[in-house]
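Below, chain A partners chain B and then partners chain C, in two separate complexes.
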Partner chain A sequence: MSWRAAVVLAFKGLRRRPGRAALTVLAVTLAASLLTALLTIAGSAETRVLNELSKGGPLAGIKVAAARPDPAQIGRDDARPGEPKDLDETALATIRSLPDVRDVVPVVATRLLVISTANDADGNRLEPFLETAVGVDVAQSTTLPISVVAGRLPVDGVLTEVAVTEGYLERVGLTRVDAQQVVGMELALGAAQAFARNDQIRARGRWHRAQIVGVVAQEAADGQLLVPNEMVEVAREWTNAGLPDEELGYDTSPYAGLFVVADGLDNVGRVRTEITAVGYSTSAPENLIASVRRYLHVVEIVLTAIGLIALVVAAIGIANAMLAAVRERRREIGVLKAIGARDRDVLRVFLVEAAVLGFVGGILGALGGWLIARAVGGVVNGYLSDQGLVSVQLVFPVWVLAGAVLGSTFLAAAAGTLPAVRAARLPAREAVGAV
Partner chain B sequence: MSPPRRQWAIAGGLVSLLLALGCSSTTSVSDSAPPPPDPNQERVVFVALGGDETLNRQLDDPLRDAWTQRVFMNALPRSAVHVNFATRDATVREGIDEQLPAALELRPTLATLWFGSADASMSTRADVFERDLTQLVADLQATGTRVVLLSPVDASGQGESDYANSVQAVATTTNSELVAVPTVDLSSNTTQAAIATAVEDSLGP
Partner chain C sequence: MSGAAVAVEGLTHTYESRSGSLTVLDGVDLHVDAGAVVAITGASGAGKSTLLCLLGALDRPQQGSVVIDGHDLSRATRDELADFRRVTVGFVFQHFGLLDTLTAAENVGLACTLSGVGARRGRARAEALLDAVGLAGRMDHTPPRLSGGERQRVAIARALANQPRLVLADEPTGNLDADATDRVMDLLWSLPADHGCTVILVTHDRQLAARAEQSFHLTQGRLLLRAATS
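Coming up: the complex of A and B.
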């Protein structure tokens, strides 16, 4: 008997008892839906938690400060930097050439005097304040620990756009929930330059205006303003052209820090040691991420087990339905054998029948799991949005969807093996005689 | 419709409903962010040269209320850059020696000049004042900078001193714009606002 004939016979068998077939498919669908939804939600939650820990940057990210390492802090996640040390092109090239370093993103910074159009919490004019502007290559922002809370990031190379952090929101008496309120507001930003006149040190500002286009959570460097690095470079050039005054932002270090991405989480420790040997202080949440991942893995195992239990229950249902089908179709089996069907042909028919039930249930289950995960994601994102938190991006891994279909098919075929073997071994005479 | 077709239609409807529910239940947090600026916008570099009249240290909040800051924040495009090079008690000669070189490094497109009070205190001769101011304006204009001169006038609209008359003469000879400033208390925000408005008006739309 050909496979084609086996499939036709299997479908005919299923159509004979459509109610039973539908219920069996429903059981598989529910189990596959549960497994798909649980794995999708668990995967998305893991991504979200790790994203929160790495502040939107890569997990294997390492912050390098323009400072020497403090021997007492080496290896700590939040290592406090030691004495300041210029971070220049030579250091950048050296760190870039270290083994297991995948990417290095320089971070620049400068002090700016900020005049805000916003009022403080009491409704008074906000006093002008000195704040650090962190300059990054916006095109590489995905490599940096930056996540957008509201609005968007400034456009690369544009000198009239700025993003602010939650620290700025606090300054104007707002919280993360109100982040959208500051988007569109304008700031006047002044880079100071110290100069001498009549034996006295004075300062003058180079002013420009910028619109707040977004609110971000960022850990690239300390500072409440995130701007394209061109803006910082222009301001630094102005400040450094004057007399050295660190209060006003004079800084000889070309870079305020580097963000180094190691080639995998397992190499973070090694890369940190190498950078320490070059002479710079590093920090990275490697220990925290490793612990959290261990816990998340346990949660994932538990959720998978729950889904698998449901699938096994569904498989038992398939086995039960198939056993009933074998009992009811003894005469058909006998006739098949009487006209020349071999044991393996009968086995094939019943195995295909079970596999079809699993396959259809798997497809519907993957679809159902996707819908359930989306619905849960919608509710969760609604809550997060109300709280002013970054929403969860649901990830639907292909392996989960494919696994639901293939796993259900395989499990159903396995569950149908015993009834199929029983049907195959039924002697033709006994089968026909039983009628 | 035959029964099997009806069954398929019902099943299709249910799947569509489920899909619609799934799609609608996902809340997308999309915030309205301002559009990016026009990259072809002309860049204005506004420098202010002068003495105490331009420095405005006497104000409570000079970074917001001084006329130079008002012009910068209200009358110029967002892409404008502004530096106030004015220094305390600066004469027009000091403007040439100390402020002009630093200002020219920025390649300004717009400059305001307001000198006179320090020259009056130092008793600079009016002809020397006029000559130096002419040189200052000419050096700025040579780089393509648009120059606006400020000068106090009395109630009749006449220059209130020889220096004011010199400024008017320089404006005429150099074809610069002249802004007549009412001589009232410079520590008043109202006066600062009036000066800023007068400068803005001179710049045109």
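Coming up: the complex of A and C.
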């Protein structure tokens, strides 16, 4: 018997008992929905959690400080840097050429005097303060551990736009929930320069105005202001033209740090060791991420097991329905054999019937699971939004959906094997009834 | 094409159950010439259907031999029996044996497909056969929408789908009224001439059996020649 004929017979067979077929498909649909929804939610939650840990940057990111490594801190996630050491073009080129390094993004920084019109937590006018401005190539922000909480990032090359961190929000007595309140506020930013007059060291500033365009969470470098590279370079040039005063931001190191992306999470440790050998201090949340991933993997295994148990229960339902079908269709099977069908032809018809139940249930279940995951995601995002947290981006899980369909089909075919074998082994004399 | 010659020697068949064993065929001998129409009568439970199963390779003989056109069915494997049924035998059942979910044309076409004919040619052959049994206007009707006589004619058309050399009919008129019986019997009787096959008919209707060239009566496991018309 051809596959085409077997498929036609299988579909016709299912139409004999549409109610039973529909209920069996429903069981598979529910199980596949559960599996798909659980894995989709788990996958998205993992992405969200890891994103939170890496602050939106790559998981395999490593912060390199313009400092020597402290031998006591080597290998720690939050290693404290040792003595300052200039990070220049030569060091940048050396680190960029290390094996297993995928990308290197330089970070610059300088100290700026900030005058804000905002009030502090006690409602008093905020005193002017010195704060570090971190300068990055905004075009490469996706490679950096920067995530936007409110508003947007400054535009590259524009010297009148800044983003602030949650540290700044704290300074003005706000929390993440109120982040949007500071967007649009103006700051006066002053680059300081030390100079001598009458044998006294004095400071003068070069001022300009900038608007807060966004609030970010960032781990590129320590500092409450995130600005385009160009703004930091202009300020550094002015500050470094004066007398050396580290308090005012005088710094001989061209770069404040580097953000290195290793070629995969597994290579983070190796790259850190290599950078340490070059002579710079590194930090990366590799141990934390590895631990979290292990826990998330355990959660994923548990959720998968729950979904699979549901699928197995559905498969038992398929086996039961198929056994009932074989019992009811003994004579029909006998007739098929009487007109020339071999055992394997009958086996094929019943296997196709079972697989069709699984396939249809798998497709409906995958779609249902995706819709459930979206609905759950919507509820979760509503809660996160109320808490002022970044929402979950539901990842379209192609492999989960494909796995649900293929898995359901395969499991259904496996469940249908026993009834199909039983049907195939029925004697052909069933065609004339019990004799 | 000529019909198949049937030679049965010492055929014995026993059913085992918890309450004991029941021998329904006890050393049956039967010889049927190619192209003949033979009737076998007997009371209910006499073993007529069992004999038909053994002649049609639906079951393997326990003792004795069934040789059809030189093929000894007692030594055939399950697949060989299936091949034999597919190539050589056409069945007509009392209960019609049609698949209710398929149309008349699909029922006949399925038998064509099983005998190795492609879908399109199978459909054409099914239509020709249904036309030949007077069901040209019922091609796309499913069995529940056909009368008993029409269903049996579909079953006959299906039995002819593989161009069999032996047609076995088990009480083919058992569920039919008088008019339908006449029409079906005329069809069966025309098969040797029109399709060149041997016909063995099992019935408990002695009037029908009397129309056959040879008529046997099965009783107490033995087959007795009742009448021969030629």
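FYI, the second predicted complex is superposed on the first by the 427 of 435 C-alpha atoms of A that agree within 3 Å, B and C clash if a C-alpha of one lies under 4 Å from a C-alpha of the other, contacts with A are read in each partner's own complex, and residues count from 1 in each chain.
Throughout what follows, a residue touches a chain if its C-beta (ideal position, glycine included) is under 8 Å from a C-beta of that chain, and two chains touch if they have at least 3 such contacts.
Bear in mind the structure is a predicted one, so any value in this text is a computation, not a measurement.
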Contacts of A:A188 with chain B and chain C, given as first, second, both or neither: first
Most chain A residues touched (candidates chain B, chain C): B
Contacts of A:L159 with chain B and chain C, given as first, second, both or neither: first
Partner chain in contact with A:R209 - chain B first, chain C second, else both or neither: first
First (chain B), second (chain C), both or neither touched by A:R374: first
First, second, both or neither for A:A93, with chain B first and chain C second: neither
Chain B versus chain C as contact partner of A:L130, first or second or both or neither: neither
Touching partner for A:R197 - first (chain B), second (chain C), both, neither: first
In the complex, chain B residues that touch chain A: 15, 18-19, 21-29, 31-34, 36-37, 39, 61, 63-64, 69, 72-73, 78-85, 87-88, 98, 106
Footprint of chain B on chain A - complex, ascending: 113, 115, 125, 128, 150-152, 155, 158-161, 179-180, 183-184, 186, 188, 190, 197, 202, 204-211, 213-214, 367-368, 370-371, 374-375, 377-379, 381-382, 384-385, 390-391, 394
Residues on chain C engaged by chain A in the complex (per definition of touch): 49-50, 52-53, 56-59, 78-79, 81-83, 85-87, 89, 91, 93, 95, 97-102, 106, 110-111, 113-115, 119, 158, 161-162, 170
Complex contact set, residues of chain A against chain C: 1-2, 4-5, 8-9, 12-13, 15-16, 331-332, 334-335, 337-343, 345, 427-429, 431-433, 435
